[in-house]
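Each of the two complexes below includes subunit A, the first together with subunit B, the second together with subunit C.
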Partner chain A sequence: MNLQLEGLVAGREGRAVVGPLTGAFPGPGLHLVVGRAGSGKTTLLMTLAGFLPALSGGARVGQEAWSAEGKVCLAFQNPETLFFLPTVGEEVTYALRARGQPSGEAEAAGGEWLSRWGLPAQTFWGRNPLTLSGGEKRRAALAACTVFRPPLVLLDEPLAGLDAEGQDSLLAVLAGLAAEALVIVVTHDVEAFLPHARGLLVVGGGAGEWFGDGRLFLAAALARPDLFPLPDWFRAAVAGLGRPPEEPPPWPTADALRSAATHRN
Partner chain B sequence: MASLTFDRVTFSYGPQTSPILGEVSFCLRKGELVGLFGRNGSGKSTLTHLAAGLLLPTTGRVEVAGIDTTARDPEIQRRVGLLFQDADRQIVGVTVEEDLAFGPENLGMEPGEMRARVPEVAGRLGLGEYLRRPVVELSGGMRQKLALGGVLIMDPDFLILDEPTSQLDPWARRDFWEILMEMRAERDLGILVVSPQAADAERLERAMVLHGGRLVYDGGEGGLWRHPAIGEWGIRLPESVRWRTGIGGQSRADDGSGGGRREDGGPGTAGLPAGWPGAPPGAPPGRVVG
Partner chain C sequence: MRGLTYRPADTFLFRLHPVVKGVGVFAWILWFSLHPWGLEASGLGVALLLVLAWAGGVPVADTIRELKGIVALLVVVALVNLTGEAGASWWRAGDAVARVCGIFLWSAVLVTVSSPAELTFFWEQAFRPLSVFGIDRRELALVMVIGIRFLPVVLAEIERIRMAQAARGAGLGRGAGLVARIRNLLPLLIPTLVLSIHRAGDLALAMEARGYRLSGARTRYHEFRLGTWDLAAAFLLLGVLVGTIWQGHP
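So, the complex of A and B:
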């Protein structure tokens, strides 16, 4: 689905926090929402999820006004703190049973879904979720949130608190999820998600800035350090290439930069 | 020179439980900037609590400037500042001013000195105009600076920072490090950073690694990245290091499979885990910028 925002102003208790935003999150795909603390990223997610009313403007999918009911998963930071059932299997089938799915079907669908999150049912189904590693807990929690296959998945800082391994495993799964759903991620870890991102929105006053491609975002951030603080090493390495300003910057990997330097020579 | 030393420290939470740390020895000197790496559950947080005297070793000794932490001398709290990952765990005042004054007041600092120190420290951290502001009105980045101020106002010799920037936005992260480096230069602080962000790795002079409760590496930052076991220890090679040193070969995001991105800059599908639509074989792409 393509989610189109039209002058959307999101806020709390009648006070505008972010917007008016006009632009598109084309799906399926992964889109990032970036900005300083307090710039309204989480408020935007809550508005898209229908937890907060838009103060003005709105969103549509195709010609129809967007209605979030039953079509959204919104996971806040550390979703594993919400575990409340004794086994991973019960956690992952809860949302399906709550929707009236018969037990057998729910278990089959839940088991298949768990495997796709890197948690094979034969190993994890009967485990107490609190005994899993940090990365496994996060994936189990997000699998449980998304098991009913919503077309829109909204995630607030999904990598927070995970070690390198946990982050890599989750990034790989989220890239897979984004192949079939619209996934919008609020994050400070832009660099980790950038290779997977189909688009990026920088919020922070007024209309925000939309980028349909990671390289356009990188070019803008290189030209305007106030837009986003790229790491010093990347900024210095690109400057060292003596690249013409109209050329898209190399991807921020050491190899991409070396390759760009080699081709130049 | 004052130092913080661990001498064959073992720690267990109870007599029947397995040790969290085993025979850990190291010395943090004033002026040093050291990173402590390790997987979740490797014992890093326990080590920080031992260093600040909040936990006492089961066996072995922890000394701060020659004072054994088992003496429970309040001087240890003054000399070692511990900053938690979540600043809210250590903010106790209603206003910025009250919070900064809390530590000195409890350690009996002269009122005159305290009145001078509070605005000075607040000013250095960019909080000067917020002294009367309730702390609940501060942003996450400002609360982290306030927590740092609550530690720095004690004029410590050592700072133990537990993932200090993991909850900060990239702008606040940059500001935090600038302040920290200034303070370090002025006061010759010895700083131990637990689980430094990849982007912060190049600031380090020395690195230590905990693995299964044991200190398995203690040496130069450069040597860590060349160590053959860093994968086993769960440490990701930052792109900044890869660029600077050429260690590590190809990035996982550029593993030659075409994964991670398309030529036109859009996202690719190679490297997706099994079971997802369009997932060809290949390793999942990893981080890009370090």
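So, the complex of A and C:
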């Protein structure tokens, strides 16, 4: 699905926080929403999910106005916020059972889906989600959110608190998910997502800035540090890859970055 | 109703003796229930309440906003008074709604101006007659206070679970009819009950870990003494109540 924003202004309690935004999130694919803290990224996600009403403007899919009910999942920044059932198994099958799927089918599909997120069902099915480690909680929350395969997946800081290995494996799952759904991710870890990003929106006052490709955003962010504060190590590592000034920056794959960082040291 | 919680301040309402606060609120509840003068008096009572609360440092706008939580009740009360026996009228429905608002708002003011220690003290005194039947008044008082203290927490928990379910594609129920909204509440009840039981267990453990026991005599960290203002407020309230009963049922 292609989600088109048309002058969307998102805010809380009648106060505008972000917008008016006009642009498109073409799907399937992974799109990033980035910006400084307090720029309205989470408010935008909550508006797209139907948790907050749009202050003006709106969104549409094709010719129809966007209605989020039943077609979207939203994973909050704190995974614990999503848990309300005593076991991981019940959490993961909740959305399927709520849609009338028989218990047996829901458990089979839920177990398979949970394993896809790196939590083998035979180990985690009966565990209380609140007793899992930070990374496991995040995976369980993402699995529980996405198990019903919604066409729009909204994720708020899905990599927060994960180590490099955990981030890599979660990114691989998210890339797979983005092959079949429109995935919009709010993140500060932009460098981790860039190789997977089909599009990018920088919010932070007014209309925001849309980029149709992660590479264009990277070029702009390197040229204009005020656009987005890329981490110093990432900026230095990309610079270390070297390029003639008239060419676009080379694509910073993980291996190339590690190699450049090692070479600099 | 998450805003219904103690908000400390240093005004005459907050400084009143806990028993005067509690009895005073119950006197006002009785007044709203018994007075015979119709909508004008109920409206005046609510206005007086709001002025007193405002002068006493209670965040009145926030308190009024809490009325959202009883809108369904107010609608039912109004409908019953509009469609009931002969003589039902908008005037009477308005009176009934104003009385319910008055009772709710006074209860909200009591919770706002009383610390948990003050509420415990008040309930202990209120349950004192039950000691005759061998019932431990301190235990009952503790149950009441924990109930009031944790009401906002439970409501916040319900909201969190509602959000968690909606985050997985369940309906938010906004704009739906009353029946649909009640039906939407059903999936929330079991998780809320289970989490409340867990929370109660955790609270009991925490209290025992800090040495809380009901047995044996206890000293008080906060000593409450009646002052001149307390007596004046008590007599004033007593006068209003007795006058109302006298006028309504001579």
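Definition applied: the second predicted complex is superposed on the first by the 227 of 265 C-alpha atoms of A that agree within 3 Å, B and C clash if a C-alpha of one lies under 4 Å from a C-alpha of the other, contacts with A are read in each partner's own complex, and residues count from 1 in each chain.
One rule holds for everything that comes next: contacts are C-beta pairs under 8 Å (C-beta built on N, C-alpha and C of every residue); 3 or more make two chains touch, one makes a residue touch a chain.
Small disclaimer: the values here were computed from a predicted structure and weren't measured.
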Practice problem: Determine, for the superposed arrangement built on subunit A, whether subunit B and subunit C clash or fit. | Solution: fit
Exercise. Scan A:G70 for contacts with subunit B and subunit C and give back first, second, both or neither.
Key: second
Exercise. Classify the contacts of A:F234 with the two partner chains as first (subunit B alone), second (subunit C alone), both, or neither.
Key: first
Practice problem: With the two complexes superposed on chain A, say which partner A:L21 touches: subunit B (first), subunit C (second), both, or neither. | Solution: neither
Practice problem: Please work out whether A:Y94 is in contact with subunit B alone, subunit C alone, both, or neither, and reply first, second, both or neither. | Solution: second
Practice problem: State whether A:F83 touches subunit B only (first), subunit C only (second), both chains, or neither. | Solution: second
Quiz item: A:C145 contacts which: subunit B (first), subunit C (second), both, neither?
Solution: second
Practice problem: In the overlay, answer first, second, both or neither for which of subunit B and subunit C A:G134 touches. | Solution: first
Practice problem: Could you look at A:E191 and tell me whether it touches subunit B, subunit C, both or neither (first, second, both, neither)? | Solution: first
Quiz item: In the overlay of the two complexes, what angle sits at the CA centre of subunit A between those of subunit B and subunit C, given in steps of 10 degrees?
Solution: 80
Practice problem: Check the contacts made with subunit A and report whether subunit B or subunit C touches more of its residues. | Solution: B
Quiz item: In the superposed arrangement, does A:A49 touch subunit B (first), subunit C (second), both or neither?
Solution: second
Self-check item: Shortest span in Å between Cα atoms of subunit B and of subunit C, once chain A is used as the common reference
Solution: 14
Quiz item: Overlap of the subunit B and subunit C footprints on subunit A, residue-wise?
Solution: none
Quiz item: What residues of subunit A sit close enough to touch subunit B in their complex?
Solution: 29-30, 35-38, 115-116, 118, 133-135, 160-169, 171-173, 175-180, 188, 190-192, 194-198, 213-216, 228-231, 233-234, 237, 248, 251-258
Self-check item: subunit B to subunit A touching residues, read off their complex
Solution: 39-41, 139-141, 166-174, 195, 199, 202, 234-236, 239-240, 242-244, 246, 248, 250-251, 253-254, 260-261, 264-269, 271-279, 284-290
Self-check item: Residues of subunit A touching subunit C in the complex
Solution: 49-51, 69-76, 81-86, 94-95, 98-99, 144-145, 147-148, 150
Quiz prompt | Residues of subunit C defined as touching subunit A within the complex | solution = 160-161, 163-172, 187, 191, 194-195
